[in-house]
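A quick write-up on the structure given underneath.
In order of appearance the chains are A, B, C and D, and numbering begins at 1 in each one.
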Amino acid sequence: MSELATAATAGHTERSGSLWADAWRELYRNPVFVVASVVVLIVMSWAVFPTLWTSTGTDGGTCELVDSRLGPSSEHIFGTTFQGCDMYSHVINGARPSIIIAVLVTLATTLIGVALGVIAGFYGGWLDTVLSRITDVFLGLPFLLGALVFLALLGEQNIWTVSAVLVVLSWPPITRIMRGSVIQVKALDYVEAARALGASNMSIIFRHILPNSIAPVIVLATLYLGGFVSAEATLTFLGVGLQIPEISWGITVAQGQDYAIAGYPHLLIFPCAALIITVLAFIVMGDAMRDALDPRGR
Amino acid sequence: MGRYVLRRLLQFIPVLLGTMFLLHYLQTVSIQINGNPITALFGDRQPPPQTLAAITTAFGLDDPCLQQTGNPCLGMFLDRMSGYTQGDFGVDFNRQPITRLIADAAPVTVRLTIIAVLFESLVGILAGVVAGIRKNGFADNFIRLSTTLVISVPVFVLGVLVQIGSGLYVGVWLRDNGAPEWLSAAFSVTYQTDHPWASLLVPGVVLGAFSLGFIARLTRTSLIETLRADYVRTARAKGLSRRRVVGIHALRNSLIPVVTYIGIDLGALMGGALVTEGIFNIPGVGGLVFGSVAAGETPVIIAVVTMLTLVFLLASLLVDVLYAVLDPRIRYE
Amino acid sequence: MGRRTTRRLLVGLATIAMFATACSGSDDEASTDTDSGSDTASGGSFSLALGSDPSFLAPTAQCYESTCSQVLSMLYTGLLSIDPETNEQILGDAESIDSPDGKVWTVKLKPDLKFHNGEPVDADAYVRAWNYSAYGPNATQTGFFFSPVEGYDDVAPAEGDPTAKEMSGLKVVDDQTIEITLSEAFSQWPLVMSYTPAFAPLSQECEQDLEACNEKPIGTGPYMMDGAWQHNKSITVAKWDDYTGPNSASADGIEFRLYSDPKTAFRDWQAGEVDMLDTVDPSQVPQAQALAGERFLSVDSGSFNYLGIPFYVEELQNVDIRRALSMAIDRQTIVDQVLNGLATPASDVIAPFVTGSRDDACQYCEYDPEAAKTLFDEAGGIEDNTVEIWFNNDGGHEDWVQAVAEGWKNDLGLEYSLESQPFTPYLKTLEEEGVGGPYRLGWLPDYPSAENYLDPLYGEGSSNYGQWAGPEHDAFLATIEEADAEASAEAAVPIYQEAADIVLSDLPVFPLWYGQTSIVYAENLDNVVYDPLQQIKLGDVTVS
Amino acid sequence: MSATQDIKPADTVGIGREASEKQSRKEAARSDALGFDPSAPLLEVEDLHVEFRTREGVAHAINGASFSLSEGETLGILGESGSGKSVTAQAIMGILDSPPAFVTGGQVRLRGVDLLTLPEESRRLVRADRVAMVFQDALSSLNPVFTVGHQLAEPFRIHRGYSKQEARKEAASLLDLVGIPAASGRVHDYPHQFSGGMRQRVMIAMALALDPDVLIADEPTTALDVTVQAQIMKLLADLQAERNMGLILITHDMGVVADVADKICVMYAGRIVERADVHSTYGNPAHPYTKALLESIPRVDLKGQQLATIEGLPPNLTRLPDGCSFEPRCSWARERCRVDDPPLYDVGAGRQSACHYYEEVLGS
């Protein structure tokens, strides 16, 4: 495995400053990336400033049970939900948990993964052995089943516990890749040169190793963002994700699915479309970044 | 190679022990925090204390350490381990031996996984090759877009839509028009015991759909890179046909990362099948663990999840071995 | 599965208790139809979708949930059952059940009854089973059914090891006669014994090897196992030709198909893969009605759903607040919109199919937002103007709980917060008096008696999680005691109604609705009758 | 694969061989039917144009290259990297990556047949069979995941329809031919198990497999030690003499060309700027660029002096200047050079130079 991770990251490492500059130039000239970024920015604004988009406030507005499951109309352009709330408001407000979870978990896993990957890869020895075995334990846990076990233990299910569990299950691949990447960069001539010039470990790590080994992790992290949006929905569907009265896409989709087939398609279509487009945008961004950061793919 | 495999196998031991202890500890803490899972067996009724105590004792949940939050209950763990060494893996709350539960569930999930892996590899690699050799053409864009879309749709939505489409429309039509039984079974709504392979085809496709996208994209990228390699130019200079250049010289090199992914995915599929299994009513491993987690059946959770971890480890070992077979430059000492 | 399975599971779990009661189902009309019924349209076979793999088939004493009791109702005749329409006792294996004083009961069995393997079903077979059930170390789930029997504490003491293996209250008088001595008079005892799994007989062969018997039970009923139990897949039973008992068996065979998700089962029914469903998911009810028409049935299940009130929460100690909250629940709209009509708004704390239930007993169950608001304001409202509602999040309750909360918000101007946990920690929280507001629970009786809707919920040592106490509670306990001591079940009914009135006035719980279950079946089936105790009378179903 | 073949019992070998032969013959095809005229000149390249269409614009990689080659003759193509040498070779072979590369004009005539107009399938038959190529970096040019035996046998199996055994026997004798010791044992080895020089020998063996009429060697010795370089060059020269092939030797190393080439083409910015026999060029270059190249070779007799270098960089091929491409770096450059692109002037004795002031250059 570690051999594979090393091999998989091969070739990312020679360039540094110019790599990032080149990548950026490549990206902003890529129309697909630009469109995806705009979508992500819009969804982010739903999450951060929902009141810009809807007048019903962040709790989804007043819900009248007698208005349950109405189809789209001028008053409710996306129709109403099961509880008779405005679906449009739910779609906008539902972005918040998804985005918080996606961003939070991605940041945390990247930090943990990079830190542990650098420690294992740079120092090696017994530290590497112990860390690698611990990584194996968590890597081997099947994702969904692991999440089930952890969330069932916590008993309480909200944005923070779901995020925590996703972090626990998602750091190992990043650690793996980072470790491989670091091992490779460590062996390069300029690191040897820096060492020969008497640079401290810390300065070698931060000045030479990190900038040159982090590219594959950045790419994976972008793909993770989309993955966690999906994961929230799936965990909610399985009954161990977010709970009402929280408004989230996962809850709305899981609830809407039951009724979509029974003649209320708008209960599924609108929240699901929001979810799919967001995930799609994150994946497309990740793809474009990979292409940009890996000139061989051009 | 032999020594390498042996060394890797030895490394499994601490990982598996770690997994088992982790799960044990989680379950222990879970009981300490959430309470005795036996109480839930009686629903809203409060069972008489002696009934509750008797059942709690029968399932070994009467250890006083379960009352002390944070206590790792090492004694219970050691008992369990020594039980394992004697082939005793415990029972669930229905007193079914876990070995039997696994023996029932695992073959179904293995079949499902085989179908999913075959589907995602064959179709994924094919799509990746088509996209790769026509880079930026219509086929490439179409394949990239459709596979990304499939990745973006939550599996529980995709699964139900496919189930309705294939089961209620195609399947019923086939049966009404006198299609052979195995064929209509292939498009049945749920798993059918009489057709253990045919009725898993559609669920296998749903299960493999997610990875299919990754494999297609991985193959594409890898192939595009390989096609630029000097040895591909050499092959063309030798007057080989395009099919032979792509199919033999480039593909074999491109497949190395793809095989890596498929191998790792093998373990993930076995453990990740629970949503698909649920939708298609497949009595597999995912549903087994899912039910056990909800009920708090610790022995089932530990045994099955550890088994899945072992599958994952073996799959990654297999990948590394295969890696050396595919690429003669790699030597494991 | 997913969300649904979780629910199912929870239902599966929750049910167990609730549920169980069921049993009976099988016999019922037997007495009237006896032999003739089975002769007319016999033959054919059909399949029934069940919502989960049964927990146990043997020993039957481990069966305390609906799927196993549905299967066992085909495999066993039972001592007696209760006619769901008339509430009359229908005798099965028993020829008579009598008591002079409600304390000593004599059960006489019919002669020449046989197990499927040829063993005689005699007094020994019954007593053997009951002693096995009650014996503490056997850890059966229905052992507590025997707690009224004299000597139960010796075989299952609350503390320490049992001092006896058999209950002193059980006597085999002769092959056909059993004498049961209870520690106190209990008018409802015959109704208790109608829960077949807890009281079914045990063959010697089965006792020798319970594990083998669990895979292929040896019963006494009109159907016997056809092959072993295919766990998580199917159970098939076939008509037993030597059956002499009263229960009907129209079809030649029945296949129980095991599903993890009722929605999947419904699609399989749509595709014609399974003939009958014992549960239709609420979201599929409109579809089921459209597709099945007459072949869609929706019947009271006997379950009683309520919001319990924690008396240790100060704001809820005011009875007017409780009454106001109860009146501000629009039960009918919630039933229509959220539950798709699959429930009946509650008018009593006793479900309708039980003798003693009334349709106008609960005056605070009528939706009256204005009166509620007035009463609520007069009583001074609630501190912080916020109410917590507690529920378990793995049983599919979130939708209606939220609807109740929204109603309070709209009608009383109350803010709400929803607090949820999975079932096990939820029970622990209830037990530890940890909830901060009304909590949801449901009840399915163990046996069709008004008593079973009262004592287990509000009595001493019961599921009185809300710690209802005070003079009203004392009056309630006294009334129950009085009713229990009556010599006959019938005479006790009006007294139980008095007890119910105390509950409905003081409101330790808000009655919400009685559950309904729905079934659909295929065109080639007929004579599908549903028993409110959640059992389809499968023996009566005819196949064409 | 080879192993399974070897351990098959005798009778199954027969069957297997029959089947595999059938299969191979079906694939086998020869270039004989394409109408080559044995009396026509071996290879004539005329006014070849190649451009690369990229996102940054169209790069004019080759702008009207012409030269010819006859049997037993060695043509050296000289130039800096990026001057279009390798592109010319790949255009002749027909293995340019298209897109982005497109041949936009000219002819490549082999024995009178214009290869550029042949359909791809016929073109494929010419490769390796009539025209073969040796690449510069043998390690990356050999497929790492196949044995050298497999790779050597491929031309025989594809073009000649040999059975596996026959092809492998040929492969072994080829290895022997290029001087690899214990050849029959080494067919089972992978490229990474060979040393650099040995790998280049394998490349040469592969190119020679079908006894081609023209061999193109693209910097065959760049990656090798000097001593090995000489061995490889000698091997190439010997094989050429023995087989009377036409050899195109592409290199940036004037020293290598001097020893083996008969004629020389000097390329700059996609054009041939000087064409002559090797002695005249070395003795007295007719183009400033050639002159500059020669002066940049270290020479023992000039030890101690500053080595000459060519100032500046080659032009951007997407924006070639109107005038002479070499003008910005040329010490002879005048105003005319900036606007007037020089044609190939005949400088006598079969020599051409693309310089308006070749006479001055020759005279210097």
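Quick note on the criterion: a contact is a pair of C-beta atoms (placed from the backbone, for glycine too) under 8 Å apart; a residue touches a chain by one contact, two chains touch by 3 or more.
Quick caveat, the model's predicted, so the values are computed rather than measured.
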| item | value |
| --- | --- |
| Set of chains whose contacts include both chain C and chain A | B |
| Chain centroid nearest the full-protein CA centroid | B |
| Pair sharing more residue contacts (C-beta pairs) when B-D is set against B-C | B-C |
| Maximum centroid distance from chain B, chain identifier (CA atoms) | D |
| Whole-Å separation of chain centres (CA-atom averages), chain A against chain D | 50 |
| Mean-CA-position distance for chain D and chain C (Å) | 89 |
| Whole-Å gap separating chain B and chain C, where each centre is the average of the chain's CA atoms | 38 |
| In chain A, residues with contacts to at least two other chains | 152, 155, 237-238, 254, 261 |
| In chain B, residues with contacts to at least two other chains | 33-34, 156, 164, 228, 274-275, 290, 294, 296 |
| Touching two or more other chains - residues of chain C | 1-2, 5-6, 394, 421-422, 425 |
| Interchain pairs in contact, sorted by label | A-B, A-C, B-C, B-D |
| Chain A to chain B touching residues, read off their complex | 1, 3-4, 7-8, 133-134, 136-137, 139-146, 148-150, 152-153, 155, 226, 230, 233-234, 237-238, 253-254, 257, 261, 268, 272, 275-277, 279-280, 283-284, 287, 296-297 |
| Chain C - residues contacting chain B, complex | 1-2, 5-6, 9-10, 13-19, 53, 55-56, 62, 64, 136-141, 143-144, 147, 156-158, 214, 230-234, 258-261, 264-265, 267-268, 270-273, 394, 421-425, 427-428, 431, 441-444, 456, 461-463, 465 |
| Residues on chain B engaged by chain D in the complex (per definition of touch) | 228-231, 233-241, 244, 249, 252-253, 326-329 |
| Contact footprint of chain A on chain B as seen in their complex | 11, 14-15, 18-19, 22-23, 26-27, 29-30, 33-34, 148-149, 151-157, 160, 164, 217, 221, 224-225, 228, 256-257, 260, 267-268, 270-272, 274-275, 286, 289-290, 293-294, 296, 301, 305, 308-310, 312-313, 316, 319-320, 323, 330, 332 |
| Chain C contact footprint on chain A (complex, rising order) | 62-66, 68-69, 82-84, 152, 155-157, 236-240, 243-245, 254-255, 258-259, 261-263 |
